[in-house]
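Next, two complexes with chain A in common: one pairs it with chain B, the other with chain C.
So, the complex of A and B:
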């Protein structure tokens, strides 16, 4: 008798579970069938970083080349290249210390005088996205908000080069395409 | 080294090391479960000696996903180590975030603004629910029920959406910073969290009806892997594994950190200490987490989310510190030894899964192989956390 009761109780527990399955069966589907449909929750997603353009010139990044993002990055994903205007050779990894124009460097008489104002030019800003862990320390440490996250969740590639992103070229390309689009709109 | 190794056997060192103590009758079988086995949920390998269907002896083999997290702590600066913490236990990443930033804050004497403390509580508890939901689905998957994981993931997906609003990521969060959190919560976050708490409270009875009462599940869990409180203590088990055995130990209650002492919550415990009790404890914990989140949302004060008097460079003074938090799997501890430089001198991570796995060998002795899978699932192991 007790075994019969136990079996009946067990069967009832299965029926209760099946009732829920049946209820769920008639509910609308919540699965999003990618790629026919795309999810709508990517607004807050943090994809790879990008450079922020200057307000007045969308082709030039805000970056002041302080190297903080390069220094803080735990995985060393960011490569920055810059040169000081007038010294076109470029300094790959050395931000360099420039002496004040007032200081006379010994044996420098034959050199051109240092410029009044040192203008740094960004030559390249690359992100190795395959190393990036999206911690956001570079974005946080930037003193001029020159880096931000993209919502790019669909970056896929079969080669390593796909994830070696030239962010400076990306910024310039975008500026050029928006300028072209604006020009076309004005012409029309 | 006095390794007693049976050279006649084929197999690697672990199999040979395992073999000499084999029983004399020679009628047993050595079986490797893993390292690539779906029931181990990661790259864990367990060598078992089988007598028919029964386990005579078993031994977990670790190290297949060792990523040198502790060593990395010694070569990275304090902020640079932050993204590592989301990857030690990827299911309850925020608890590890918290353990690390908490240790550094304690050593440096940084006070966290109250708003940030409450945000930490809310996000950490949401993360705990998502972790338990994944365990729930995966455990039932181990036991042969496929559909529950889809129900679990439907709710878990909502938590991930909510956490994505503030953290920007969906799994390996790197959200906590020294002295606070990265971003403030938005109104959307608060509204969605409230809505989730309401819906999830209604969904919990559904989970019970769907699975918990199910006779098949009860048959696979009741009286399986009975863990006595004494044995749990001996192995240093914490979290739901310890509470399932009836010991009401919770770091949030016994070593209260942050604002947990201002929030009311119960510590669910089991009586028998079998797999079913551990299951029930986790199900009850999700309801308690919802309770904590609701209170924290009510009490959420205005203010900064990062301490305003934070030094520019995070360099703690010389000294050592231990800070523990309650993770989804148990007590997470970070021991930090600073020599006053920009990098930690030593960083020791105490992971609950390591202790919880250690008792598996003794617990599985004499059980059926199929029950051992149930026991392993009920321990809720996260393998990267074991190897650190």
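So, the complex of A and C:
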């Protein structure tokens, strides 16, 4: 008797399963047919990183060239190039130690006086996206929020070079195109 | 000319040849329809669109699939038994045509009205397990061999409840002719055997799902355990023939279920053939629905269901039916 009840209960569970799939069958689809339609929930999507422009100047990145993103990247996919204004030789690896002009160093009188303010200029900021694991450590470690994820879910390419992205050039290009668009809008 | 043609069709031999040609066309078209239907049902249950891009609503997808299968190379694995390996898919497909002959699509549209039609179908569909056995044995592949062993054990076990449930209906009708059995059920909805033999219908349907190796009883081809079971080594149309045979057997068992239990061509307004096809494809839809609902049973569970439940229940059903017939007459 107990076995019969167990079997009947099992049969009933099969019927319940069938009802669930039948309900799913008549529910509307949730597939988005991509080339004709695009999804609208990309806010939390992690695409490749991009540089955040300064608020007052959309053509210049916020980056202060502290090298933290380059140092922390476990995949070593960020390459940064910069130089200090006045010294026109670009440095690739060592940012160098610079003293504040307020500090007096003994026996330094015969040297040229240090500049009032050290201005660093970003020469290049490249991302090798094919190595990137999208861990987000660079975004987290940036002290000035100069890096963020893009929502670019549709990056496609047939060569490796497509994924070696010059983020600085990308920023400047975007700034130029928005400026042009704004100019066109104003003209209209 | 037309008179000559009808006279030729009335001749038993002409009738049979025409029926065979029609069956072959039906088997081919049916394969395309069921491939499309299966993928659409799977998609809709998982809230996907299923095939969508090839042709309007993906209608040409099965044609593209068939083109792919036909154009692929036929490879024979190393160490395989060539003769057995290539005989298997043909042996699996060939009985299909004969199994379709006695099925009464409508009073007029019956390939061959034989009084042992049911026996013919059951006998020839048994050949399929031999084909699966050959395929597994000839492939020189462990997965194929395991799949073949499972297929044979399963087919042998589930043939018994299938026959027991069919016997109950045959007891009542006193005939093994499918047309006669279907004709008996045309006296209104309540004369359908599914209402007089609900248990037999249940046993028949479960056993026929197992006999056609459909999920949840698809152990011979269990994708997740045996790659593809008995047809692991088959490429191109070798695989295609097994595929086509499986879909054709689905139609056959559903057609037999319709003729035995669901009143055959009985139905209002529309001509009988449409009712018959609607019932058959309704049952096939239920089979597909099963496939995307139930997980695969384990091998011991499979045999337990058969030997501990279906066979005793089938025997009980048979005895009760015999008793009732004795009492009523």
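Note that in this section the second predicted complex is superposed on the first by the 145 of 188 C-alpha atoms of A that agree within 3 Å, B and C clash if a C-alpha of one lies under 4 Å from a C-alpha of the other, contacts with A are read in each partner's own complex, and residues count from 1 in each chain.
In this text, contacts are C-beta pairs under 8 Å (C-beta built on N, C-alpha and C of every residue); 3 or more make two chains touch, one makes a residue touch a chain.
A quick note: this is a predicted structure, and the numbers were derived from the prediction, not measured.
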After lining up the shared chain so the two structures overlap, which partner does A:41 touch, if you call chain B first and chain C second: first, second, both or neither?
first
Answer with first, second, both or neither: which of chain B and chain C does A:9 touch in the superposed model?
first
Touch test for A:133: chain B only (first), chain C only (second), both, or neither?
first
In the three-chain superposition, say which chain, chain B or chain C, touches more residues of chain A.
B
For A:17, is the partner it touches chain B (first), chain C (second), both, or none of the two (neither)?
both
Looking at the overlay, does A:30 come into contact with chain B only (first), chain C only (second), both, or neither?
both
If you stack the two complexes on chain A, which partner ends up touching A:154: first (chain B), second (chain C), both, or neither?
neither
Shared contact residues on chain A, chain B side and chain C side combined as an intersection?
14, 17, 20-21, 24, 30
In their complex, what parts of chain B are in touch with chain A?
76, 79-84, 87, 147, 151, 154, 161, 164-170, 172, 174, 177, 182, 206, 209-211, 213-216, 218
Touching residues (chain side chain A, partner chain B) in the complex:
9-11, 13-14, 16-17, 19-21, 24, 30, 41, 44-46, 72-74, 133-137, 140, 149
Mind listing the chain C positions that touch chain A in their complex?
41, 44-49, 52, 289-290, 292-294, 309
Across the complex, what residues on chain A touch chain C?
7, 14, 17-18, 20-22, 24-25, 27-31, 33
